[in-house]
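Take a look at these structures.
Shared between the two complexes below is subunit A, which pairs with subunit B and subunit C, respectively.
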Partner chain A sequence: MQKTDGNEVVIPGAPATQEDLTQELLHDSLQTGSRMRKALLISGVLSILGFVGLIMHFASGSSDHTTWNFYAVVYFYVFSVTMGIPMASIGLRMARAQWRRPTSRSAELFAIAGPINLIFFIPILLVAPPIEGRNSLWMDWALAPWFPDIIMMVLLVVTGLAFLYVSLLPDLASVRDHGIGRAQRIATILSRDWNGTKSQWSIHKSALGILGAFYITAYAMTHLVLATDFAMTLVPGWKDPIFPAFHAVTGIQMGTALLIVTMYLLRRLGGFGRYFELEQFWGYSRLLLALSLFYFYFWWCAFILFWYARLPHEQAVVALFISGDYADPSVFSRPQFLMFLGAIGFSFFLPLLLLMWNVLRRSIVGPTIVGVIILIGGFFDRMRLYANAWSVDQVGGHGLEYIPEINAPTISDLFVMVGMISSILFLYLLVSRVVGFVSLWETRQALLLRFVKPWGVGHVSVVIKPE
Partner chain B sequence: MADNKDLMGVFADTDTAAEGARQLKSAGFTSDDYDVLTGNPYPEGAFGEHVKKNRLFVFALSGSFIGFAIAFLFTAATQTAFPIVTGGKPILAIPAMIIIMYEMTLLFAMIFTVVGVIFESRLPRPGGEGPVYDTRITLGYIGLIVTTTEDRLEKAEEALKAAGAEDIVRESS
Partner chain C sequence: MQDRPTLTPTQINEELLWPVFSFRRRHAIAFIPPMILLMGGVAAVTILVYQGLWVTGLARPAFWGFFIVNFVFWIGVSHAGTMISAILRLTQAEWKRPITRAAEVMTIFSLITSLLHPVIHAGRPWRIIYWLLPYDFSRGIWPDIRSPLVWDPIAITTYLTGSVLFVFTALIPDFALIRDQSTGLRKKIYGQLALGWRGTPRQWKLQGIFGLLMSALILPVFVSVHSIVSWDFAVSVVPAWHVTVYAPYFVIGAVHSGVSMVLTLMALMRWIFKLENYIWEDHFDAVGRLLIVIATLWLFFFFLDFAFSFYTREEQELAVMERRLFEWPFNAITVIMVFTSYIIPIPLWLSRRVRRNIPLMFWTSILVNIGMWLERYFLIIPAIERKQELTFLWSNYVPSLIESLVVLASFGMVGFLLLLFAKFVPLVPAWEAKEGVVFREDVQFGQVVLPGIIKETEEENVW
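Let's look at the complex of A and B:
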């Protein structure tokens, strides 16, 4: 119960008191039940498959990058999704959206995927063809592309982890003071002398702002560098300044989609219904609708230039990524066209057709279904881009001279995909055993700043904005 | 000062903690004499305390300058050491160097910011123990820490008790 001018009212969707909040988020949610143990065990074991797949790939040769095309698809899909999720949280935090508070932790925890992304990035660097003879950002610099690309990846990963650590500090102190067992020991080491003094909170607030801004800038630049070095410059004649922006925005779209699906799973399987309420799903569904419109906007801006210009090398790029080889009379037997249909259908048309209805947008199941659709569409999109770009074996020249055959995915690609996703899930669940899926300090602050007041014949929520 | 001692009043809610701050001021303590410990952030000055401006931006700025300088020297040195003219562009081609300089500027700014968080927040606190502490703070309680001379501790304790402090925690001597 929360006292408001003598009227005792219950805040819907939130635990009644600070003590209840502490009990639920600090004690109950940190218990590792049998279901969690199973999930940890299965994901841990499946993680090994990723490394097995990697070894199998190297065993079958690394001199021909075209045989690694589906490895690139898998890598850039997982990278885009997992590194895009913290963006959704950081952006909303900067916009001071109060409703996102219970969801911040589950979004920011995905920064833990950074080291996995970094490990699986190394084969991409080793296998990608050298920049000699290709157009590149680097003016034939001897250290390119490996040096700037690895620095960019390290920057993004470490910034994500630093942001996560700072965000976790107050909750680590809570676990240090009231947790038990191994979680408490880890929290004691990590929280150090965090006492919650005014100056510590002041620094905490500034640090989240500064590191959040760094993450956003690093995220945009990483997409620029990776999308250019490992997609655009592999295809002679593909010169598209909009593509890196498209790559970054679709990453945020897929990240937001995965966050909604994660919220739904935590609600259904983890008992977090109080925290992932209609308000949160509704908020993210609006963001998802906007991002789906952006998908089309960026794709269209790039496409229209190529389509209007119709120079031979531009027609080749349209054929490679959209229409497929014009020599094939049936468009539906062209794999490129089917990939494109899957990408635009699942990333734009279906989300738009579903999310345009407020009744679906303002629900819990609606945005979740759209989230799953977008995750499928995102995979088609990365397949459209990377399976095709990495199938090109032509080096140099003003334009693509022929549309290459696409190497089919192998069992090692499947292993890498299962392994990468499992290892990220394993780390995500493991870290959640120390700090939980919901931020205690942010939810506690939300409880403190939110009141339900009588208004007319009903009640309204009043949110205090401290600044 | 060296002979100052800490004493903390533990309050169960915001209203009584705010009353505690008022009582301290009535008893002659200034906003510099006490600090507030909370388990979640409150608006700055919510308890009338003085909050010093943090210097985190100095760390971020210093890091960014250092990163920029290193990146500039590094790219310039490697390109002049292996001069290759590409597409008629100058050896030191700024547009290509900008990306490296951007990366290194951001990387060093980020590292310095993290160092700044650890240093400015005193994580860990150099020279041993920090202020008095009570684990109820992370349960949502509010602590008002008064740092004063030994002869004024009684007065502070009376003020905090009068405001409804649930407990008084003293610095172990």
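Let's look at the complex of A and C:
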């Protein structure tokens, strides 16, 4: 029987002792250097652009929702990506994947984007057309769909923040007890009476499990209502029950992609190389491959039915989201078709072609490149869905009667996009100054639950499974 | 944490190979119930072939009944093998070891059983050949390859072929083991089946690579099979069938019923073959946790299908939903289905104590499969047995005794084939059991001993 005091090597290249780990994650990484200050300053300033863009949009009118089509694209893209990242971490946490431990903080920290998503959701509610005369899930309930949509959004954001807070607690206590300066003062307030007693750890574990399950449920239900109320109902004849699931899965796909890119940047620029190692990139690249396959599968399940049945109202939906208007003889001059090519090419074909190779999947650069590709593909996909759906001005009817022209994006859309992304980045970096990018307690636990031992002429890892 | 017995290779050989080298009473008794069911089914099919389809309850407009429901159900169950083996193999889940073989073999037998149903459903089984092949060259009549009814046999036979290869490759080390412990004709037969296996490092490496490759290749086939089965319904324009979510909904339902069936099988194997040293409470716990996720996903897709039935408020679709929810017997079926598939088992499985209680897990897994069978009935029958625009003669579908006997016989057939298989090959792979012992490392952690798993260390990053 092997005995361990938890001091053997854990993460390849990671500090060998618990003390080193504490020093590095609690002190060194919480220092705010000049590069961090610049990043905070730039992102803070650029955040203002989002609100400028909003004002410009409202100034140009809010009565015609078709002029807000690219606002919807930007909003649902940023929402999908940022709220999808915690899903990747929570799912792996529930599956008890040990390798994700060093990455969970950088993923779950994206829950901080929730309030920004909530603020920028308000214009969507204000400008989206009423549901009278349209298909709807809500059966003429009073205040529907706006009220249930707000409830779901708030629930998702609050659950995400609660999950983040609970996962931060042990580290906040560590900063309180061993940290310095402003971070320590904030951590003292936030860590409350956490002392790491056995009962506190037990409650902590249960709370993470329950909040994680809540987050997953809220995530699925929010995507269900938002995808239906702000995309599907806008297009007469579009009935696609798989679409909310597609919307949710692509959100997780884009979230995982952004997490990989974030890990790469933190590794390169933040000096976190020993925490974001090959094992983490490899693990997430497998998840990314699976999610890319899901992208295609869910899309195909809808497409084949619409294509096969040849029902006129479904053919119109295919034209709107995939092929473009058949009246245009050249498919390559149809914007809908180009958007579709970009979406499926960057979200499925290229990731599949790259990640199917072991040498690329099991590397650091390979998954990062694919991550960037998927983030581009995801934007094309949201553009394909929302720019088209929000361009439809026909109300009611059994099916779409004509393929509408798409309003081009304006400078205010660009401002909103830059502003939203910057404000999320600003908050992300700001919170990281107190709690860091790597979870100290999770990494310390990982250190205890894994060690290397000699095996024949080489070495093997022993992963301890406490349950 | 349950005490995990430390097993020697000799003990593993003895405990796993006894059904092959002897025929004990418990094994013989286990054959009786499935054989009775099977004989009932054979009699029913004989009557059906002799007298024709009028002995069934099929009548205008419901020409798809119990046989098709049962076909879909068994295709679903067949998904367990791939789910357990391929996915758990790719994710390197250690706990899969003792249950892979039974799950994979169940895939094959379920597929064979399901394939029989369209043949029986044809009424004149020998005429099925006309449906499968081009037969009338002079008149230029060909099967319509655009029909999902042609995609079906292609997908299922591909899956069957892949599954047989998958199982056979994993069987080779055990064939060699039986060969080495046998004499005479048995040695010759198993020698042929073992394909010259000597357990060299190269052979183990090739076997491992093949297993991983097959896992990766068979996964798309596994998803496609039940998707295509769902498209038998969904590509039509029948209200309540023409739904985009049908494919993933069918697949996840299939996995739900298949993995539950594996749970049933695990308990039965443990009792019949005395496999307590191999199938632990930990395994029931792990499968139970997996099922909570699967069942919840199933519920989500069920909800999507259900909620969107009301989305467009089309008269015909609402009529089907009204039938499903308010008309006898579908209202009862709906309630029983939801309760047995989710509301009863899942809250129970949330408790660790229940997940480690084998009799409870056995009975709840059976409940799930009752629910999942009824779900197929709920999806298929109400949509077709009703008056539509151009239907001028209609009646309710009432399944006959003949059909019920065939359904029961299908369970008997799968059980019989599994028991027969266990007479020739161990249902728990002996080599996996031995590998599991080697890759296990108990670690003293303070005052407790925790189980550990040995894994390869990561190579140096070259990028």
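By definition in this document, the second predicted complex is superposed on the first by the 456 of 467 C-alpha atoms of A that agree within 3 Å, B and C clash if a C-alpha of one lies under 4 Å from a C-alpha of the other, contacts with A are read in each partner's own complex, and residues count from 1 in each chain.
What we mean here is this: contacts are C-beta pairs under 8 Å (C-beta built on N, C-alpha and C of every residue); 3 or more make two chains touch, one makes a residue touch a chain.
Just so it is clear, the structure is predicted and the values come from calculations on it, not from any experiment.
**Student:** Under the stated touch criterion, which partner chain does A:Q184 make contact with: subunit B (first), subunit C (second), both, or neither?
**Tutor:** neither
**Student:** May I ask you to decide whether A:T66 touches subunit B, subunit C, both, or neither, giving the answer as first, second, both or neither?
**Tutor:** neither
**Student:** In the overlay, answer first, second, both or neither for which of subunit B and subunit C A:P241 touches.
**Tutor:** So A:P241 only meets subunit C here.
**Student:** Touching A:M139 in the superposition: subunit B (first), subunit C (second), both, neither?
**Tutor:** Touch status of A:M139: both partners.
**Student:** Quick one: is A:T197 in contact with subunit B, with subunit C, with both, or with neither? Answer first, second, both or neither.
**Tutor:** After superposing on A, A:T197 lies in contact with subunit B but is clear of subunit C.
**Student:** After the superposition on A, what does A:V462 contact: first (subunit B), second (subunit C), both or neither?
**Tutor:** In the superposition, A:V462 contacts subunit C only.
**Student:** Would you check which partner chain A:S323 touches, where first means subunit B only, second means subunit C only, and both and neither mean what they say?
**Tutor:** neither
**Student:** Per the contact definition in the header, classify A:N407: touching subunit B only (first), subunit C only (second), both, or neither.
**Tutor:** After superposing on A, A:N407 lies clear of both subunit B and subunit C.
**Student:** Once the complexes are superposed, what residues of subunit A are shared between the subunit B interface and the subunit C interface?
**Tutor:** 137, 139, 224, 448, 466-467
**Student:** Can you list the subunit B residues touching subunit A in their complex?
**Tutor:** 14, 35-44, 49, 51-54, 56-57, 60, 75, 78-79, 82, 84, 86-87, 89, 93, 96, 99-100, 102-104, 106-107, 109-111, 113-114, 116-117, 120-125, 130-131, 133, 135, 137-140, 145
**Student:** Please name which positions on subunit A make contact with subunit B in the complex.
**Tutor:** 18-19, 21-22, 137-143, 147-148, 151-152, 154-155, 158-159, 162, 165-166, 169-170, 173-174, 176-178, 191-207, 210-211, 214, 217-218, 221, 224-225, 441-442, 444-445, 448, 466-467
**Student:** Report the residues of subunit C in contact with subunit A in the complex, numbered from low to high.
**Tutor:** 1, 220, 223, 227, 231, 234-237, 242-248, 293, 300-301, 304-305, 307-308, 310-313, 441-445, 449-459, 461-463
**Student:** For subunit A, which residues count as touching subunit C in their complex?
**Tutor:** 1-4, 12, 94, 135-137, 139, 220, 224, 228, 239-245, 277-279, 282, 293, 297-298, 301-302, 304-306, 308-309, 311, 363-366, 448, 452-453, 455, 458-467
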